[in-house]
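Each of the next two complexes has chain A plus one more chain, namely chain B in the first and chain C in the second.
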Partner chain A sequence: MVVQPPQPRTVPRNAQLTKADRRFARIMTAAAFFSLIVLSLIAFFLVYQSLPAIRDQGLINFLTGTEWDSKTTSDGTTTEDPVFGVAAMLWGTILIAIIAIVIGLPVSLGIAVFIVFIASARLATLLRNTIDFLAAIPSIVFGLWAISALTPVGKQWGEWLTNSLGFIPIFENNLGIWVGTPFIAGIVLAVMVTPIITSVSREVLGRTPPELINASQALGGTLWPTLRYVAFPFAKSGIVAATMLGLGRALGETVAVFYVLNLTYGKINWYQIVSPDGGSIASLIVAKFSEADPLEISALLGGGMVLFIITLIVNAISTTIARSTVKDM
Partner chain B sequence: MITTVEAVPFVAPKTQGAGVPDQDLVLASKNLYVWFGPRMVLADVSLNFPKNSVTALIGPSGCGKSTYIRTLNRMHELIPSAALAGQVIFEDKDIYDPTVNPVDVRLRIGMVFQKPNPFPAMTIKENVLSGLKLAKLSNSNQNELVEKSLSQAGLWNEVKDRLDNTGGSLSGGQQQRLCIARSLAVDPHVLLMDEPCSALDPGSTLRVEQTIRELSEFMTVVIVTHNMQQAQRVATYTAFFLLEDNNPGYAVEHGPTQHIFGNPIDQRTSDYVNGRFG
Partner chain C sequence: MSTALIENQTPSAQRPWRKKSRNDVLIVVVASTLPALFCFTIYQIGILSPVISGMLFVILQIAAGAIAGTIHRGRRGLADGVLIASIGFALAFIGTVMSSVIWSVLTKGLEALKWQFIIQNNEYITPTSPLGYGGIGHAVLGTLIIVGIATIISVPIGIATAVYITEVRGRSRVLVQGLVQAMSGVPSVVAGLFIFATLIFTGVFEFNGLMGALAYTILMLPTVARTAEEVLRLVPEDLRSAALALGASRARVVSMVVLPTAKSGLVTAMLLGIARVVGETAPLVFTIFGSAKTNINPVEGPMAAIPLYIFNGVRQPFAPEQARAYSAALVLLFLVIVFFTLARVLSSDRRKGKK
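So, the complex of A and B:
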């Protein structure tokens, strides 16, 4: 017998909602869109405001140039055309962020492993709270600590690195000055990204299923093999996401870096991390903004836009990875 | 970590039943007491496990069967606040002797858990070989070892064409046999199984039981089970555990499986195996 199948129908999603539910849902929708609108407005503002400078300099020159000079003398007269290139500052930003991750990631993982797998419950709680507290310290305080306490020590460490490991190109220093180096700025940032990386890594390592840890122990696995073959593979993408979050903070940090880093224009310091030739877009903006003429302000906003785009990319990567981790679990 | 527990004198319970002959033993616990913190959870458990036999541990939930089985390969001590007294003799040596390395014990006395737990990030082949990596052992012929272990676990024919797939791609029953193969790869003499079929469907359960019978031709198996039929299908010997009131759990009766189920000595054993409680 041939029968006609019944007509399928769907129930609209908000049919079950009460009036109050619907009003609440509208407010929540507005809040969700608000964040999108704010983000778009910031992006639009940055592009719009930086257009004069980018038109003046040309996009390629702006992105690849290393000089930053408004050519304005103290009495306010301009004799030559200003040059604004963001490349040295951009690479400097990335370089100190890399240093921060290279130092901060192993430390963070060590703390996370200790909290999850080694420490007693009481010590683990204490450490967790301490690390979270570290994340709450304002960056100006880190900056003051960095200039008054870290710089004198970091200078000696840098000097030691040049003297004993100077044959490795990254530890070269031809100036004999070890203050204001990317190395010191990187250490400050390492301290600042450690809480973020630690708490996310702790969270994902702590989610290693106990039955997998049991399985490893029953096969004769002690702490290190269990970490290496069971816990780290399980937590891998979470740790990568944590690192990206840390990187995001390191790229955008302003005040702490501004206090300890010497900004050098005219060349890109590709790798000499204990040489006092640094760059940081955020610090550049702080250093130049107060005395800038309209064109330079536009150029500084262009720098801000570059930084904005890079942090957006890093965050996008980290959320993508974090999302795929959630899917795996 | 050994916590000091205040010794309170008490009348030790006595295990009844025909028991198991004292000869040709691979594993035996002697007067074993177990604590979690200050609470004694097992008292005076002395059981014998003869070579190439299957022993089923039965009893209601919470009576200490799983705790007991974990003391047999030193997994118990990994739980914070866990403590114990007494001896576990494995091949004529006390595994709790201070000179014994717990890692060696766990390699010779393998364990399969309630929930199949293959390592998700590893392929089937890597799962079988994971014990070598974890315990830093070497094996010159890994392919042969993989085939041998999977064959012994009764899984080889089903997975030989997809050894590079992840363990998670297998069904629950296959995953459990993969876990058995993983334990076998480090060449244990005893296999401890903690309710290995409780998460499996009836078909997979029968398949694992067949594997257990095949394994008992060359190794000793101790299996915790809540399934009375399963105990009768696979076990040569059975021990009945019970926890009453606030006393610690203990082995009420121990003997050949047909005695425990056919004509038990203790009334409580009879009640339990006939489904009157538990």
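So, the complex of A and C:
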């Protein structure tokens, strides 16, 4: 995440190394590749254990189906074939992550600009610490906050939005219930991704060369022109990387969303954000896990695999962008 | 670091937009109160619905910022005024959220928080048992054991990864950096599922504390590795060169010069790692199962932990159990604050020590 300028190598790689040095290097290398082993094991076991369910359902049905029903009655008898499809949950996950970014990104940028360019040194330190502390608050605490404080407010807002702006399709609500909406879950996620995006963008904005800023000011550039023509172009890719990082966090968040989102199976809610039809793969896993039979567990692991692949892709994009920034500098 | 050097040498920016005269103060005061007053009145009269008046407020406030900027600085001030008004909204948003989060946990959590709550366990407690009996002692112990094991596993590996990247500088350090980055993006629910799929679902282990610790390790390792990497980069190159010039092997340079120099920073890395995982709930749902009894054996039988206790407690429809869950959240928040503050204090010591 932090872009470090490349450092000169102290010892040439082909320098004379003693036996102890080589052994030391080998042990450190082994430890460094622990992360590779873990990542490959995660990928392998999630695929391997989800195969029974995917074979049962067919990969296409599993990815495009919207129903999730083990068809098992309370006494454990199965009458029909179970159906497992992650499409509704997958789109729901993406939808709430988009809401989180749409709310969280402007807020984060505003705070980052304030810290770097406007606030006095003391106020900036205070704000930085506050934001870092916000990042350290456990997601379960945000979950409790979402239940007790945010849901009543978010319900009211949702109702107002439908009543006054219901003619816009995204604020439609045909059910008359405003609890458990993607809107509320998106706000919780926005609060959780804001510290991440803020701290990375603050850092890249702070790296704008002071000469450039001084030059812009000398030419009469006040705050906005300096940002628009100097700081933002300089920090652009860093901010994109920060957003992807936040997106990765939003996609994988579990408990805070689990408490406030109503999961609806059987149809994909494409855009109605104040309607109580949500989806989230992580919440699906937690919700269904305790009462699942082996086939359903296998299907849940398949859902976990889909989530893992998506977050991996998002993170890879973020890393690639961040690395290209280092090269530019 | 080089940027900081330049910053110290160049004269500080003049910040022309911050010049304050009495006139400017007046403009700012009028521009920031008038829209709020206007919209509040409209809302009270009831002409427009709350959403419309709220939106009107946002638009008016930004327009007021634009007008104030224009009066103050001409056409150039317009964009600045809009920007500052919007930043004000961002700050207000995060400030409200922050105080609301702390307030909601504090008010609901203090009710059940008594000394007995922290040390007793939950064995004979039902969701409807009155407050004043039972507690989360078993969960506190469980959290400490699980986090402790995760720390013991992830700190050495994390530091070794950082050493590989900064000291050994092996051929594939860019790859390793990327892998650590990728690992830090693994969702916590996937970490828990992975341990479940590999070790529990296959029947190798039962639900127990060790499984929770392994899931935590996956989440903790990247944090430790990345912070340790940054810390090791701060060790002056001269120290390494001097030690090498004295004939030390590279293993000795690392173990006797680099790591001791960065000691407090490495402790910070560990603490940040702990703060990262101590409140994670999702990995525990699939690994430790939860328990009402005190169990301090991490390899035998289900274990309790504070996040899981909160997770299950708040889903109960009974008031006493919910109050207990909020108190447990308060204890958890307190733990996080302790680790976070310790890490902060240590790292600021280090920075001061460098100057």
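Observations on the model:
Methods note: the second predicted complex is superposed on the first by the 308 of 329 C-alpha atoms of A that agree within 3 Å, B and C clash if a C-alpha of one lies under 4 Å from a C-alpha of the other, contacts with A are read in each partner's own complex, and residues count from 1 in each chain.
Quick note on the criterion: a residue touches a chain if its C-beta (ideal position, glycine included) is under 8 Å from a C-beta of that chain, and two chains touch if they have at least 3 such contacts.
No experiment lies behind these values; they were computed from the predicted model shown.
Of the two partner chains placed around the shared chain by superposition, chain B and chain C are both touched by A:220.
Looking at the shared chain after the overlay, A:177 reaches neither chain B nor chain C. Applying the stated contact rule after C-alpha superposition, one finds that A:295 touches neither chain B nor chain C.
Chain A has more of its residues touched by C than by the other of chain B and chain C. Contacts of A:233 after superposition on the shared chain: chain B is touched, whereas chain C is not.
By the document's definition of touching, of the two partners only chain B reaches A:212; chain C does not. Of the two partner chains placed by the overlay, only chain C lies in contact with A:252; chain B stays clear of it. In the three-chain superposition model, chain A touches both chain B and chain C at residues 209, 211, 214, 217, 220, 222, 225. Partner chain A is touched in their complex by these residues of chain C: 2-3, 6-7, 10-11, 13-14, 16-17, 49-52, 73, 76-77, 79-80, 82-84, 86-87, 89-91, 93-94, 97-98, 100-101, 103-105, 108, 156-157, 160-161, 163-165, 167-171, 173, 175-176, 178-191, 193-194, 197-198, 201, 218, 221-222, 225-226, 230, 233, 237, 240-241, 244, 249-251, 254, 275-276, 278-282, 285-286, 307, 310-311, 314, 325-326, 329, 332-333, 336-337, 340, 344. Of all the residues in chain B, the ones that touch chain A in their complex are 73, 75, 78, 80, 103-104, 106-107, 110-111, 113, 115, 117, 119-122, 130-131, 133-136, 179, 182-183, 186.
Residues 120-121, 209, 211-212, 214-222, 225-226, 229-230, 233-234, 236, 328 of chain A touch chain B in their complex. Contact residues on chain A toward chain C in their complex (touch as defined above): 1-2, 4-5, 7-11, 13, 17-18, 20-21, 23-25, 27-29, 31-36, 38-39, 41-42, 45-46, 48-49, 106-111, 113-114, 118, 129-134, 136-145, 147-150, 157, 160-161, 163-165, 191, 194, 206-207, 209-211, 213-214, 217, 220, 222-225, 227-228, 245, 248, 251-255, 259, 282, 285-286, 289, 297, 300-301, 304, 307-308, 311-312, 314-316, 318-319.
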